[in-house]
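Consider the two complexes below, in which chain A is the common component and chain B and chain C are the respective partners.
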Partner chain A sequence: MSPLLNVENLVTWIASPKGVISAVDDVSFSVDSGRTLALVGESGSGKSMTCLSVMGLLPESGKIGAGRIEFKGENLLAKTPREMERIRGSQIGMILQDPMTALNPLFTIGDQVAEAFRREKLSKAEIRDRVIDVLRKVRIPAPDKRLGAYPHQFSGGMRQRVAIAINLASSPRLLIADEPTTALDVTVQLQILELLRQIQGDTGMGMILVTHDLHLVSRFCDDVAIMYAGRIVEAGPVSKVFNAPEHPYTQGLLDAVPTLDQDAERLALIPGNPPTMHNLPGGCRFEPRCPVSLGQCASEYPEWYRLGQDRRVACWQMKQRIA
Partner chain B sequence: MHRKAREPSVMTRFIFFRTQQALVTVFLVTAIIFVIIRLVGDPTHLMLPPEATEADRALLRDEMGLSDPIPIQYLRFVGDLVQGDMGTSYRFRRPALDVVMERLGATLLLTSLSLGVGTLVGIPLGVASAVRRDTVVDILAKGVAIFGQAAPPFLLALLLVRLFSVELRWLPTSGYGSFSNLILPALALGWYSAAGILRLTRSSMLEVLGSEYVKMARIKGLPAHVVIYKHALKNASLPVLTFMALQFGILMGGAVAIEAIFAWPGVGKLILDSISNLDYAVVQAAVTVSALIFVGLNLAVDILYAIIDPRIRLG
Partner chain C sequence: MTHAFVSVRELTKEYPVVTGFLGKKATLTAVSDISFDIGEGKTFGLVGESGSGKTTTARMILGAEPATSGSVKIDGKPLMNEKGRVDPVLRRMMQPVLQDPYTSLSPRMCVGHIIDEPLRTQKLLSGERALAQRVSELLDMVGLPQDAARRYPNELSGGQRQRVAIARAIAPKPRFLVLDEPVSALDVSIQAQILNLLKDLQSEFKLTYLLISHDLSVVSFMSDAIGVMYLGRFMEIGPKDEVLRRSSHPYTMILKSAASTDEGAALPISGEIPSPLSPPSGCPFHTRCPFSQQICATTQPELEAGPAGQFSACHFAKDIRAGKPAGTCATLATGAMGR
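Right after this comes the complex of A and B.
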C-alpha cells in the first residue's frame, strides 16, 4: 500500500536579502492514513517550510527546488494553482500556530466556517446545519448561538477549535498541525490534542504534528522525524527513537527534557547554537556542536543508515556501528 | 438575543460621544480663525474713505461690535452661530452664510469628484500593485503615485491645460457650468488624491496579505479573488477610509489653487478674496462651514469604521 503522503528529497529555497538559502534540504518522509508523524526541531529548522511546501502555500520568496510530493499517489508539484485550491479545500487541511491571528477579525465565526462548505452546492439552511454540526464536533458549546459571534469574542482555545472546525468541514485525509498548541495554556493544549486524536480515530485521517515539545510527541504521535538546520537527521517510530536515540542531536534533545525523578540541579544542554542558514558547515550540520565528531564529519554530509525496516539515521558514527 | 438587544445602545452611545468630540473641534477651529483674522487688520480702514477721521472709524467699529474685547465678540459670534446667523458681509451686503453657501456647491462638486477619481484609480491600482508586487503593474502604479505626490496639483493642472486645452484643443482652459469644464480640475486634483490612496492601499494590502487569516483563507481552498477582495481588502480598507476623510479636507485646501487656475467659483477663491478685503464675516462663515463638513465627514468614517469592524462596535 502506498502511503497517504510521500515526500521525497524535497528542497525548498527561500530568497532573503542575504541570498538564497535552502530552508528545507533533501527532506524525505511519509505519512500513512490514521497515523501521526511528528516533525521535531528548533525554530528555523525548516519544519514550517516543509509543511507550507506540501500545502502549496510557500511565501512569495519561497520556491521548491527539487524533490517530489506525492499525495494519494499524485504528484502535487505538478498541480496548477487552481487544482491546489481544490485539494486544499477538500483533501488537505492545516492548523496554524497562533489562533489569535488565524481568523479574520471582520467576519463572524459562522461565516468563516461556512466558507469551507462553499465547494458543495448546498442551500443556506443546509450550510447552517453543517456549520453547527462541525462546531459541535469540536465541542464548542451552544454552537447555534455562536454563529454570529466574532473571533475577538472567543478565547484562544476556542478560536483554535474554530480553526479545527474549518478544516474538518472538508473531511480532509491529511491534517497538518503546525505547532497548534504552542500559543495556548497547558491544559487547553491537551484538550486540543485529545480532540485531534479523537477526530483522527473517527475519520482515519493522517496527521503531521509540528512541535518542539517532546512530551507531546511521545504522547500523541506514532512516528517522528527530527530536523536540524533544514535536514532530517533521524526518523522512525516514536517508541524506538525515544528509547534508543542514535543521532547525537536526538540524544542531546532527549537529555535536555526535564523529568520529575531527576536529581540534577541543572538540565543537560547542547552547547553552541544552530548554524545560520547562510553559512552552513560543509559536512554534517551538527558537527560543530557534536560531542562525538569524527574526522570526516566536518567535510562530508553523512549518508543515511537504516536500522531495520522503519528507522534511519544520518550520522557517520553509524558506519562503524553497523559494519 | 441578549447581544441583539444591547447592540444599538452601544452604537448610539458611540455616535453621541463622537459627535460631542466633533463639535468641540469645530468650536476650537472657529475660535482660532476668529482671533487670527482680527490680527490681520481692521476692516474699517477699507470700508471708509481715506479721509475719514479716527472718530468716524471708532463709530463704525462700535456699530460693528469690534470695539468690545475679543472674548466678548467671540461669545456674541457663538450665540448668533447656534441660531444659524454668521453675520453680514460688508462687501456683499448680505448674510455671510448665504454668500458661502452659494459657492459651496462648486467646491464640493470639485473635491468630491476629485476624491472619486482618486478612489477609482487609487484603490484598484493599489490592490493590483500589492498582489503583483515587483511586476510591471507595480512599477507603473508606483510611477503614477510618485508623479501625483511629487507634482503639486497646480503644476499638474498647468501641464494638463497645456496638453488638453492648448495643444490638443479638446477641453476648455477654464470656466464653470458644463461637464467639460470639470474634467481638467478634477483630474489635476484627483491625480494627487489617487497617489496617496494608491500608496496607502498598497502598503495596507501587503500587510494584510501576509497575515495568518489570509493564509487560513487559502488553506480553506478559497479562490484567489475571494481571498483578495473579501478577506484582504475589507481589512486593508480601514486605514484607507480614515485617510480619505482626512484627504477630503486636504483637497478642499488644494482646491484654492485649482479654483484660481480654472476660474472656478468656489469657496477657496472666496476665502482668498475675503481675507484680502478683511471681510471677517465671510471668512468666519467659510471656515466654520468647511470645518463642519470636514468634522462631519470624519464622524461619518468613524461610524462606518464601527460598522465594518466589530471590535470597535462591541469592544
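Right after this comes the complex of A and C.
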C-alpha cells in the first residue's frame, strides 16, 4: 500500500537579499492514513517551508528546486495552481499557529465555517445544520448560539477550534498543523491536541504536526522527523527515536529539555548556535556544534544509515556502529 | 530559614474598568492577597497560565505598578517611601529581564551602548575607558564575544540578544532580578544555555531571582520555591520539592501532568481560564477542576499549611496529601502517585 503522502528528496529554494538559500534540502518522509508525523526542529530548520511546499503555498520568493511530492499516488508538483486550490479545499487542510490570522475578523464564525459547504448545492437551513454539526464536533459549547459571534469574541483556544472546524468541514485526508498550540496555554494545548487525535480516530486522516515541543511529540505523535538547518537528521517511530536517539543533535535536544523529575544542577546543552542558512558548513551541518564529530564530518554530508525497517539516521558515527 | 530578601505581604491589585454600553463600573482583581518571601540568593518561581496575574505581581514588586493594597519589602526596607515613590536605593538594586529580546533592546543602539546605558544614566561609572572595561567584563560574563560590543541587535540571534539583555540587567550590579518568561521566545537548545547562564550568575553574584514562567519544567529547574497562580491567587505555594513531588492542589497536578511526557499521567481538564471580570464563586478553579464538589462552588478555600512548609488552597488538600480514598480524591491521589 502506498502512503497517503510521500515526499522524496524535496529541495526548496528561497530567494533572499543575501542570495538564494535552500531552506529545505533533500527532505524525504511519508505519512500514512491514521498516523501522525511530527516535524521537529528549531526555528529556521525548514519545518514550515516543508509544509508550505506540500501545500503549494510557498511565498513568491520560494521555489521547489527538486524532488517529488505524491499525495494519494498523484504528483502534486505537476498540478496547476487551480487544481492545487481544489485539493487544498477538499483533501489537505492546514492549521496555523495563530488562529486570529486564519480567521477573517469581519465575518461571523458561522459564515466562515459555512464557506466550505457553499460549493455543494444545499439550502440555507441545511448549511446551518451542517455548520452547527461541525462546531459541535470541535466541542464549541452551544454552537447554535455562537454562529453569529465574531472571532474577537472568542478566546484563543476557541478560535483554534473554529479554525479546526473550518478544516474539518471539507473532511480532509491530510491535516497539516503548524505549531497549532504554541500560542495557547498548556491546559488548553492538551485539549486541542486531544481533540485532533479524536477526530483522527474518527476519520482516519493523516496528520503532520510541526512543533518544537518535544513533550507534545512524545504524547501525541506516532512518527518523528528531526530537522536541522534544512535537513532531516533522524527519523523513525517516536518511541524508538526518543528512547534511544542516535543522532548527536537528537540526543542533545532531548537532554536540553528540563523535566520535572530531574534534579540536575545544570542542563546538558548543545554549545553554539544553529548555522545561518547563507553560510552553511561544508559537510554535516551539525558538525560545528557536534560533541563527537569525526574528521569526515566537516567535509562530507553523512549518508543515511538505516536501523531496522523504520528508522534512519544521517550521521557518520553510524558507519562504525553498523559495520 | 534564610533571611528573606524580598518579602511580599497581602499584595492586591484592582483595576477599575468600565464595561458595557451604559458604562457600568466594575473592578477587575488582577492579583488578590498574595504573600511570599524570597531568601537571599534564592529563586522563587511563579507559574500559571496567561491572565493568572504573574506579570502584574512582578510589576508591583518592581514598583512599576502601584499596588492597591499590601506591601513589598526588599532587604528589610519598604519598597515605597512615605511620598508613595519607589525608594531610589532599592530601585537600583533590582532589574528586570523580559521575555522578548527582539523588542526589549533598542534597534538603534549598538550592544556596547545598550549595556553601558544604565551605568551612564545612573552615573555609576564615568570615563569612556572605565565604561569600555566594564562592558568587556560583562560580555565575558554572559558568554558573548568581545566584538559583539560594536554590533547591533538585528545582527544577533535570539539567544545572543537575551544574553545582551542579561548583561544590561546585571551591569549596575543589582542584587535582585525579575525574570519574566526569560526563555519562552527561545529555541530549546538555546533555552538550556540561557537557563544555565542564569544559574551561574546567581551563584557567582548571590543574586536573588523572581522567575515568571508558564512552563512548569523551567520553573522546576530554576526555583527553590514555587507559587502556582490561578486567577490572581495562589493555589499552592511552598518549597519546590513539596509543591512538585507532593502536590496537594488539583491545579498543580494538572499543570504537572501537562508538562510530563507520560501519557498515562494526563488528568482531564476542560474549558479555559474564566474572565477575571466575573470570577467564579467559591474556589476560583472549581469550574475546571475535575474533582470539584459542592462545597467548592460556594466556599473559597483559604491557603492552609501542610506538614512540610507548603500551603494549598483546596478543601481537599488534606485528603490529597494523605492519598486517602475520600470520594473522587482517590483517583486524584493515585494519578499523582503514579508519577
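The rule we apply is simple: the second predicted complex is superposed on the first by the 323 of 323 C-alpha atoms of A that agree within 3 Å, B and C clash if a C-alpha of one lies under 4 Å from a C-alpha of the other, contacts with A are read in each partner's own complex, and residues count from 1 in each chain.
In this text, a contact is a pair of C-beta atoms (placed from the backbone, for glycine too) under 8 Å apart; a residue touches a chain by one contact, two chains touch by 3 or more.
Predicted model, so just to flag it, every value in this text is computed and none were measured.
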{"item": "Overlay on chain A: chain C relative to chain B, clash or fit", "value": "fit"}
{"item": "Centroid geometry (CA): angle chain B/chain A/chain C, rounded to a multiple of 10 degrees", "value": "80"}
{"item": "First, second, both or neither for A:Asn167, with chain B first and chain C second", "value": "first"}
{"item": "Partner chain in contact with A:Leu103 - chain B first, chain C second, else both or neither", "value": "first"}
{"item": "Which superposed partner A:Ile270 touches (first chain B, second chain C, both, neither)", "value": "second"}
{"item": "Chain B versus chain C as contact partner of A:Arg88, first or second or both or neither", "value": "first"}
{"item": "Touching partner for A:Ala125 - first (chain B), second (chain C), both, neither", "value": "neither"}
{"item": "Chain B versus chain C as contact partner of A:Glu115, first or second or both or neither", "value": "first"}
{"item": "Contacts of A:Ala142 with chain B and chain C, given as first, second, both or neither", "value": "neither"}
{"item": "Touched partner set for A:Thr259, first chain B, second chain C, both or neither", "value": "second"}
{"item": "Shortest span in Å between Cα atoms of chain B and of chain C, once chain A is used as the common reference", "value": "6"}
{"item": "Overlap of chain C and chain B interfaces on chain A (superposed complexes)", "value": "none"}
{"item": "Complex interface listing, chain A residues touching chain C", "value": "42-43, 155-158, 185-191, 212, 214-215, 218-219, 252-253, 256-262, 264-271, 273-274"}
{"item": "In the complex, chain C residues that touch chain A", "value": "49-50, 157-160, 187-193, 195-196, 199, 214-218, 220-221, 244, 254-256, 258-261, 263, 266, 269-270, 272-273, 288, 339"}
{"item": "Touching residues on chain B, where the partner in the complex is chain A", "value": "3, 133, 210-213, 215-224, 226, 231, 234-235, 308-311, 314-315"}
{"item": "Footprint of chain B on chain A - complex, ascending", "value": "55, 57, 59-60, 81-82, 85-90, 93-94, 96, 98, 101-107, 115-116, 118-119, 148, 150, 152-153, 163, 166-167, 170"}
